Amino acid sequence: MTYLLGILQTIGVHTLLGLSAYLLLLTGQLSLAQVGFFAIGAYVSGILTVIFSWNIFAALALGSLMAGFFAFLVGFPALRVKGLMLVVATISFSEIVRLFFFNLSWRVNVNGVEVGPDSTQGFREIRYFAANGWEQIHIVGLIWFVVMVVMLALWWLDQVRAGAVLRAVGTDELAAQSSGINLTMVKVAAMTGGGVIAGIGGGLFAHSTTYVDHHTFVILLATFAVSYPIIGGLRSVIGTLLAVIFIQGFIIEGLRFMGDYRNLIFGLLIILVMNMRPQGLLDGHLVADIRKLLAKLTKGGKADA
Amino acid sequence: MNFDHIDIIQSLIDGVLFGSIYALIGLGFTLIFGAMHKLNLAYAASSIAGAYSGLMSLTIFGLPPLMAFIIGPIMSGVIGLILYFACFRFMPRGNHLAPLMASIGALFFIDELIIHETSGSPMSFPAILPDAYFFLGEFGIRGDLLLVMGFSFILMAIVMLLLYRTKLGLGTRATSQQPIAALLCGIPIHRTNSATFILAGVLGGFAGCLLAASVGVLSPLLTLPLTVKGLIVTVIGGLGSIRGAIVAGFAVGAAESIFLLVRGVNERDIYVFLLLFLFLVLRPNGLFGTTINRD
Amino acid sequence: MLEVRNLVKHFGGVRAVDGLDFKIQQGEVFGLIGPNGSGKSTTVNLVCGVFAPTDGEILLDGIDLGAIAPHNRVDAGVARTFQNIRLFSELTVWQNLWVAWRDQPGQEQGWVSNWFGRSPARRQEIQKLLEFSGLGDKADHLAGNLAFGEQRRLELARAMASKPKLILLDEPAAGMNSAEIKDLCQRVLAMKEMGMTVLLVEHVMELVMNVTDRITVLNFGKPIAQGTPIEIQNNKLVQEAYFGSAENAHGGVS
């Protein structure tokens, strides 16, 4: 049971990472900055609960807002560039964040124990959940509650004009601009939203694993973050969730028996999937077909707008 | 932290010499990006993998150390070709995300393969002229780094020659600007792109071997930093600009060295990245990038 | 309504537009024609803000457009279609209009409502525009799946969706068959009736001669003639620009 809950925990947190990248990919931006926002959320909320004894919800909220704030700041310079340059800019940001926390030492004596981030030793003892009587199932519940809320919010976005505008920017920037859309505002908004989502993911991650260090927040994690929406397909949020389950659940855990060969298979699998379905698992046609099927099954009315 | 102008200049010299390796990697990224407007994130990894093959062939076939510098680049070229077919050849032309993702998959694969075959421990790489050390006034210059730089210049010259004086190079440049028109003109784009990948691969293989020779060891930990540095160089140089990649390589090498001197190894990279950010804000087209808006 | 003064645009050594002057009256359909490469599309791009002019001014109702960012020019009342259709192919027909939609001045919705709301009044208006464009029953189709003629109509509808004062049509008839061109003539005239001012860049003479009130002819970035359709048809300079001079008209291919 603990094992299963552990997997659910991982899948939940990774889904938040993936959703954060998804929002940006809608606007056509491939961002590897999500792991940076993730780290900010993790450290900020961790410091708040550990050093300042904040309540977990307040800490998570402020952590994600801080991540969002930095996303907003990064957004402006980063969004003046596109494509490869954006990839590099966002990699740089994430590395700056990682190295910053690598060097951060903020040790405080709380109730006789030395706690706080300890530069190269990492940030241990993020024990809010244990100290307040949360059991693993409660933690998993919280994580998935947040995941559901975020997924619902992103799904809802597609039902209103904002979602169409985001996708329009991702499809054709010139046409979007000529239709009156302020590209910078849209992209920065998406970046900020993505930052908030990654931030709360980071906070949940830090508290559920009780220990983070700079090894966690490497660019590799950022590539995972973008791989979920790319492999899952950008037509629907569910694609990202499916991709996380597929990758984390089946491949990484399921291939455990293959031991060290897991990552080899993983790499090959990605190459294979991308060659066979470059639009992702859940591409436009599949989603349209599923929608039609659902409509028939529920005999629903005409689409609202 | 006491350092004087001698330390600074020495640091600059070391940095520039080392920067030639970054220039090679940046050049490789630029070649591929310039040809296909797509990014091959597995490039640096394949360069290191090639260097590994070169190294291991020494023990397997009992060859003299110099052969590592020949087999390594050849293997990198082969790996480059395989990468082209695995990640780029069959992808729809307009789709940029899928090949990128596939190259990320290839990066995972290559990294893991290296870790597997070497059990994760670093292997020592034959050094070139390890004891050569010249003095120019008060400044010391590592002989091997000088050789590396000299060699890099030769390689860059060869690449420029290939690109600008041969039919293959012309085909590459034509394909990069207008792939469909190039196809209609009878240029075999897939063969051309394959050749570009092989060329970039060989270049990268040299870079990997030279890097390993300079630091004395080969380790799988080299791939990610080399990838990142290579990307930085490509961007600072200006996307798709050969000259830019070369100049930027030296510049980044020098900057890195100065930051190391001034702020130490833990913080050095922070400043390199901040430098990149500065560039992106002030000069998004890089040093020599063109400002052609393709839309 | 639109005044272009001494407009110049150089791309390196290429003088795409080289001293262009014209005025468009409110409610006119104004044609801009000329051989390929004469600078017509560049002019459209300049008015819309895709490029900044090397020299000269563009005034809309007296306001200098140069100071206004491209996406804000839509608010100022400018809209355009593209020569090679640029629909949001992954979005539905409905969403394509929705994205470009602006409410009637005076009936604007609040910010929240504009981005996150679903107003029935707006829904009705969008549906009306779809009906007008012959796409009434295709609201949920993906724009990329439409037939060519439908795509062109959608492109036009999307430009209309932002309630422009001035609409720039960049070769809207390219690739159309005779029936589609006739349909397009009707549409442009209907737009004129709705009170829009139209700048039409076009090659297809059937369209130009039937809907425009006045025409300017460009050649090598410079205007060589201005007048009504009849005047232009009979203008020697125009004929030379298109067909070459009489001395070169030996039975060769033209």
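Chains: A, B and C, in written order; residue numbering restarts at 1 for each.
The working rule: contacts are C-beta pairs under 8 Å (C-beta built on N, C-alpha and C of every residue); 3 or more make two chains touch, one makes a residue touch a chain.
All values reported here derive from a predicted model rather than from experimental measurement.
> Closest chain to the protein's overall Cα mean, using per-chain Cα means, please.
Closest chain centre to the overall C-alpha centroid: A.
> Among the chains, which has its CA centre at the largest distance from chain C's?
The chain farthest from chain C, judged by C-alpha centres, is B.
> When the centre of a chain is set as the mean of its C-alpha atoms, what distance in Å lies between chain A and chain B?
Chain A and chain B have C-alpha centres separated by 30 Å.
> Just give me the whole-number Å value for how far the CA centre of chain B lies from that of chain C.
47
> For chain A versus chain C, what separation do you get between their C-alpha means, in angstrom?
So the centre of chain A lies 42 Å away from the centre of chain C.
> Mind pulling the chain A residues that touch 2 or more other chains?
If we look for residues of chain A contacting two or more partner chains, we find 174.
> Going through chain B residue by residue, note those that touch at least 2 other chains and give them in order.
Within chain B, no residue contacts more than one other chain.
> Where on chain C does chain A make contact in their complex?
48, 50, 70-72, 74-75, 79-80, 82, 86-91, 94-96, 98-102, 114-118, 123, 126, 139-140, 142, 158, 161-162
> Can you check the complex and tell me which residues of chain A touch chain B?
Listed in rising order, the residues of chain A that touch chain B are 25, 30, 77-78, 80-81, 83-85, 87-89, 91-93, 95-96, 99-100, 102-103, 173-174, 218-220, 223, 226-227, 230-231, 260-261, 263-264, 266-271, 274-275, 278-279.
> Once bound in the complex, which stretches of chain A touch chain C?
Those residues of chain A that touch chain C are 159-162, 164-165, 167-168, 171-172, 174-183, 235, 284, 288, 303-305.
> Okay, in this complex, where on chain B does chain A touch?
Chain B reaches chain A through residues 33, 39, 86-87, 90-92, 95-102, 104-113, 116, 224, 228, 231-232, 234-235, 239, 266-267, 269-270, 273-274, 276-277, 280-281, 284, 295.
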